[in-house]
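What follows is one structure encoded as structure tokens, with my remarks underneath.
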Amino acid sequence: MSDVILELNELHTHFFTDDGEIPAVDGVSFNVHKGEVVGIVGESGCGKSVTSLSIMQLVPSPPGRIVSGEINYKNENLAKASEKRMRKIRGNEIAMIFQEPMTSLNPLFTIGNQLNEAILFHEKVSKKQARKRSIEMLDLVGIPRSNEVIDDYPHQLSGGMRQRVMIAMAMACNPEVLIADEPTTALDVTIQAQILDLMRDLNKEKDTSIILITHDLGVVAEICERVIVMYSGQVVEEGTVRDILKDPQHPYSQGLIRSLPKIHETEQKLYSIPGTVPKPGMNMKGCRFAPRCPHAFDRCFQEDPELYSIAEGRYSRCFLHDSEEGGIRDDYETTIRS
Amino acid sequence: ACSGDGGANDDEGTDEGDTSEDTSEDTDSEDTDSEDTDSSEGEAAAGDNVLVYARGGDSESLDPSSTTDGESSRVTKQIYESLLEFEDESFDLKAGLANDWSVNDDGTVYTFQLEEGVTFHDGTDFNADAVKTNFERWSDPEHEYAFTEDNYVYSMYGTMFGGFKGDEGHVIEEINVKGDYEIEFVLNRPLGYFLQNMAMSYFAITSPAALEEHGASINENPVGTGPFKFESWSRDDSIVLNAFEDYRVDGQPKLDQVIFQVIPDNSARLTALRSGDIDVMDGLNPDDAQIIEEEEGFDLYVRKANNFGYLGLNTEKEPLDNKQVRQAINHAVDRQAIADALYAGYAQPAKNPLPPNYLGYNDEVEGYEYDPEKAKELLEEAGYGDGVEIELWTMPVARPYMPDPETVAEIIQNNLSDVGITAEIVREEWAPYLEKTAAGEQEMFMLGWSGTNGDPDYFLSALLHGDNAGSSNRTFYQNDEVDQLLDEAKVSVDQDERADLYMQAQELISEDSPMVTLVHSEPVLAASSDVVNYVPHPSTSESLAEVELDR
Amino acid sequence: MTTKPLLEVNGLKKYFDIKGGVFGRKVGEVKAVDDVSFKVMKGEIVGIVGESGCGKSTTGKSILRLIEPTEGEVKFEDKDITNLSFEEMRKLRKDMQIIFQDPYASLNPRHTVEKIVGEPLLVHGMNSADDRKKKVRELLEVVGLREYHASRYPHQFSGGQRQRIGIARALANNPKMIICDEPVSALDVSVQSQILNLMEELRTEFNLTYVFIAHDLSVVKHISDRVGVMYLGRMVEMTTKEKLFEDPKHPYTQALMSAVPVPDPDAKKERVILQGDVPSPSNPPSGCAFHTRCPRVMDVCKEVRPEFREIEDEHYVACHLYE
Amino acid sequence: MFAYTMRRLLMLIPVLIGMTLLTFSIVHLIPGNPAQVILGEQASEQEILNLQETMGLNEPYVVQYFLYVGDLLQGDLGTSLRSKAEISNEIVPYIIATFELTFFAMLFAIFVGVNAGIISAWKQNTWFDFLAMLFALVGVSMPIFWLALMEQLVFAQELGWLPAYGRQNSRDPIATITGFYVLDSLIHLDFPRAFTVLKHLVLPSIALGTIPMAIIARMTRSSMLEVMRSDYIRTVRAKGSGQFLVIYKHALKNATIPVLTVIGLQTGVLLGGAILTETIFSWPGIGRYIFDAINYRDYPVIQSGILVIAFIFVIINLVVDLLYAFIDPRIKY
Amino acid sequence: MEKVNSPLKDTLKQLSKNKFALVGFFIIIFFLLLGLSAPLIAPEGFNNQSLGDRLTPPSAEYWFGTDHLGRDIFNRIVYGARISMMVGFFAVTGALIFGTILGILSGYFGKWVDQLISRIFDILLAFPSILLAIAVVAILGSSLQNALIAIAIINIPIFGRLIRSKVISLREEEFIMAAKAQGMKNGRIILHHILPNSLAPIIVQATLSFGTAILEAAALGFLGLGAQPPTPEWGKMLADSRDFIQLAPWTLIFPGVSIMLVVLGFNLVGDGLRDALDPKMKN
């Protein structure tokens, strides 16, 4: 595998609200390699967005704050970086696109204006040059009539077009890492297919690392190489796409995959994970998934399981992998990742 | 804050400022282009000889005859002159535009000799024709200068001369021009106060040429013969008058300019005076008089009383139809307390429905002492010993004779409750108030009367003559004896005889007590000590021709 | 399954006016539903899929006359309900129910569960409070909630639980048919299956008929007996789910199916990526609405609107390819 | 944009008709005979009748209304009963005086309000935010006439820093050109005078502008906070923008829309508040004009004054609406 | 075990955490109690003239000094609290009732009903409110009661508009659609679904309007168009004392401060309520 470009280490991001402290990201660690597409999946509220915002240092503050942990980007800890430094990095080195293409563009400025900005922030070019680049970027993301669209306002574009604009904006300065937070959730399937196609191409062409956040395992299967499964602010499993989808290890991942209706198979009854996703900030003793877990035993309710390494690049946060418990795969060495 | 040393253009500036008597052409030509040079002129004017006179409200109109508004006559008094004038501090007569006058024996023909060589501000001559034109304009609604279509109304003329041309009561039969400077008024019956009328500021003479020129906008372009000529008027803000160089009296006016500044808020006006922004302020809050008196550099002026406020008692309504009840109420009201509380002492408790310095004022009348015990006795006698409820109508607006009617009502209410009369305060808007009190719907009510021509008839007949019941006589007081006395006095031209008749009337009225005469207010004014020769006239408008500034 | 249709929709149209111009007059229309016809048999689950804005919800709501259809006929148990009076329709609502997509917006935030579920009972004549209380408990039980939930407010529930409350409310008066407007699309995957299972159970238990609207093909496929595919306010294909998924006829259906991402890294499939965007329903293309994006477009498609025809047994398609 | 403008203009018609109806009926519902009021307590019955006749008060209401509207359409507001002058001429200097005052009051309100709002939003939950918002709340809780009086007490009477009345130094009246004294002084290149005029504007502008200022500050703050939370602001920041640009380019423009509405509505407060402030500060503006007219029952003036103020208010709100369309490209018609 | 709270309790809890709102609440309670216990605090009443003690400065005997009729300003302020509270209450209630009815009619039924009502609101709102109030009082005559009516009238379109827009947005909500789908009648939908859900903004507006109503009443009183003497209405007290600003500033300071405090109290609570009811404001 090529070099690690971004590494999260025990990241804790908490929200300090009237109702108490909410550990939205509760010790997340993973890394991203150069040119790789990493997927983060998990149900709503499990902390995917907060994780990505933390990387960008864009967690709404107050009430949110990175409490501890490191975000190492090319040997620099972004968690400690100054706002000035972050401004240099944002958009230039690490770019981000968001879930809602409808609201993520400022309705009062033209597409061109907003695209130029992305370039002008980071490069010393004239307005004219920036505009030229912007048009090129629009062409790159497959927007027809780019030299007209550039003077349009966001409301004149469809959702898919706007998401393309967002991607163009993110790619404008050739970032090393592109974080895409549910880029297709708001789009129709046929449009989603277009966007995923586009992202795949960009990844190939520019060798940009992509962190793709989604709750759709299908999307993950389409374009990701590696997958991180999150549950309630924590990483519960990590592995390659094939590993996760074909051979999930964590009971949560297992349940999740079994509960999907399959389009190419017919089954009478769907599997379903009992119970509901815990509310963040609730009583957090023991494994977060224990109350819904079919394998749960006493220890799960007492102790917090660690992220066990169960194979090369393969991790799962479950006591079943603990040699002491005689876990299902106790032949793997159980080293603990920091 | 006077911003003018005027260094750059002192040529023109000082020229005009210092030598106000000579070179009339010079200044005339300057006047025509005064628009452009106004700021430099302003600076010159801002020098020493500009008087700023601040008052609470703006003039309604600068056509003196078509308004009854005191703030208007305050200004028109400077611009216009009448045939006769009042003496400085009284309603005694002196020469005005007419330097001599006479009346025939039966009091129906008045002849006036007019001042010669007088010009209006527009340069035209003043003469007998001008006088005739003015009187015709007022008396004849069809007259080309009557401007009836533009809502001009000459109500003061109607009141003073018994109506208009063609009306039954109209007293002026004909006006004859006897020569350029002699004019004769023929009356159809004698009128005891005809000459008084001629001195009223309302009947001042406007230039016929100006009437021709300005038409119905004469009210904004006044042209008279007075000591000051009109310069500009910005509504609800200021009226600027400049000295009239050709004024008929040599050496007058002494001022270069008078500015009438409107400052409605009493305390703001006082502040302005104390900071030197203005020179004279009308309508000083009586409570503040003390401040002025104590403060260095300011003088307090007291205007003689020319009005009185009263608590009317509707003599047709029970229990007020009972004389004893009316007398009881008279005894119950503490006039001195009202004078003190409301006017800080700048008012005299009133015992007659006539201001004290008037012809025929009867000082012998005893009046009613503040005596709650007596009042209770009287009530007892009248059969209301157990108390009685009476409505007390309060006027909703402040008038010169009653600057704070609400407070007075409250005091009276308090007084009455002391003697067992429960007064319920009733409020009506001003127009309905007047309408309803005229219709006699009220029981007790507050109102007052201000003098205009300084003649007792204007007070006594209007308020207490039986013929006027239901219009200006709102107490519905009717005493044939009184009526007869008033009628006689009205047509007599012998002033001593008149005085005697009025005195008798007052005796009777006091006994009948159809009203509680409250106080004669004496308005107070304040001025900077720089102001010299300023004499407030009881009629509220005085000429500023002789006023000087000594800075 | 009986052959008698419970619901019959014929030529249903719903046009929304677009206001504008100087006088705020009507300047155009959104053809949200444009001539849709289908039948639903008793006891059947008919799925309707299509992309966002294609008129699925409008169809569902028009059937219930929650919005007044512009044109067309809706027959419920052989009775044309498009002309019923307000009061008649109100009574009929006992038999026809709807479950909404958004579990957060479809429950009155100020009412307790008790009131939410009990209210339909009240308005349809169950006046005794005790009876209602009992029935509410029963219903909660049926949808997998507890008795103590009755006194709570919607905001105290998770999305899945809320959707259960919505279902309980729909079931209150033992309806014959329920229109489910994307009942699971707002839910998390792990909860989605719970609800789908529940709905299937209820269907057998209460002998219900569903019109199941969704945009997720796999969900529709899982639950439906027959499936209709909509595009731009029109039904383009409708058949049994087996036929549809094995042998989609309409090029749009084919593209749609290929675009659905499958959570299987090994699934090798031929991808048809459609070009361009969905046209606006206020200005739909002439002829076949899909012709602007169709990979197999012919000249005739631009001119003539294809008829929605039965080309095989129980297989309806609106496409010129099959003429 | 044209269609939008036209539509907004056409929508004005029923409002304007309603306004004339309302002003007309208000005035005719006021009890009391105007002739009586004009002539006062010392007038005779006959005089009152005569005046009534000449004033046309004896016509039926419907006739009076149509005469009124007919005149209005020709720009004729009637004649003042009090001054006998054409109201349409007479009213102009009053309107200008009020304009000058409200302009500066608004300027004060917008400048201070918007900036305080921005800083508060930016420094949310700091002591500045806390104080500014408390101050703003006190500002909206204060009776403006009381504020005016207190200003007079403190700054004019006790400290003597600022004049308590009028528009200018009364010894030295300006030669008006436009009627806007500040402008006129500048045209005359008379800077000391401009300064004096400005000094006269300070207290009344503050008195009048305080409530709008407070409301604008609060609105700006909450609108900014909301905008700052929005997705597109996050997008701008994700592009690497600095705070300043985020706030003054992206956020402010978006936050402006609700603030504009408030500004539009606050002009109404200003115009209404003018009645109170203008009397206290002896400002010869339209508020005082109307108030005096009410006391005098000068029907045509009350009618016209209220109508003119409402008309100005409606026009300002129209302008605000058009500004929206200018700022927000989403508004098409 | 999770606590079960109704939305109302949640709001109150939220509100009680807001220090500003608490302060406001206490101010209101203070003045309310002051007004209620006026006869106890000032048994001699508010109109006890003692002309000898005119315009005495604050002292141990007269805490807030006396006015131009020698009346104890403190007593008058205490009684004035009653009036202000009453004005606020009746004006707001009146406006609320009529505004709600009109707003709901207009919002729920739409079409010409909406057109008519909205146009009327437009016209009323085209006039600066104080002018409209002055006009109404001019018609009805100056009295506290009429001022109250005038204030209610000028507030009707404010409530009406608010409720109309709320109803229109609610009408599109799915739960209203759901209620219709259950077969509910319009009356029930309005009463049980629309009204309770429009309550939040109405309550906030009502609280804030309480404050403005007091201010408006004071303004009318100040112009002499509201309460009539000897009613110790604060605005009227200010008007009466205007001439004594240099001589006896206390006659102006205390009534003014009282008005400001009460209004501030309502604004604080209104603001707090808004924050508590608006989830967007929550952190």
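Order of writing sets the chain letters: A, B, C, D and E. Residues in each chain are counted from 1.
The rule is simple: contacts are C-beta pairs under 8 Å (C-beta built on N, C-alpha and C of every residue); 3 or more make two chains touch, one makes a residue touch a chain.
The structure displayed is predicted, hence computed values, not measured ones.
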Relative to subunit C, the most remote chain by C-alpha centroid is chain B
Counting contacting C-beta pairs, the top-scoring chain pair is B-D
Averaging C-alpha coordinates per chain, one finds the centres of subunit B and subunit C separated by a number of Å equal to 88
Subunit A and subunit E have mean C-alpha positions lying a whole-number Å distance apart equal to 51
Here the gap between subunit D and subunit E, centre to centre from mean Cα coordinates and rounded to Å, is 23
Note: subunit D sits from subunit C at a C-alpha centroid distance in Å of 54
Each of the following residues of subunit D touches two or more other chains, namely 30-31, 152, 157
For subunit B, residue numbers touching 2 or more other chains are 265, 267, 271, 429
Residues of subunit A that touch at least two other chains are 62
Seen from subunit B, its contact residues with subunit D in the complex are 1-4, 35-36, 38-39, 42-43, 45-46, 50, 52, 54, 57, 60-61, 66, 68, 147-153, 155, 158-159, 163, 216-217, 219-220, 232, 234-238, 240, 259, 261-265, 267-269, 271-272, 275, 277-278, 397, 429-432, 434-435, 438, 447, 449-450, 462, 470-472
Listed in rising order, the residues of subunit A that touch subunit C in the complex are 43-44, 158, 160-161, 188-194, 196-197, 215-222, 241-242, 245-246, 255-257, 259-264, 266-267, 269-274, 276-277
Contacts from subunit C onto subunit A in the complex sit at residues 51-52, 158, 160-161, 188-194, 196-197, 200, 215, 217-219, 221-223, 245, 255-267, 271, 273-274, 277-278
In the complex, subunit D touches subunit A at residues 124-125, 229-242, 250, 253-254, 327-330
As the complex stands, subunit D meets subunit E at residues 14-15, 18-19, 22, 26, 29-31, 134, 137-138, 140-146, 149-150, 152-153, 157, 226, 268-269, 271-273, 275-276, 290-291, 294, 302, 306, 309-310, 313-314
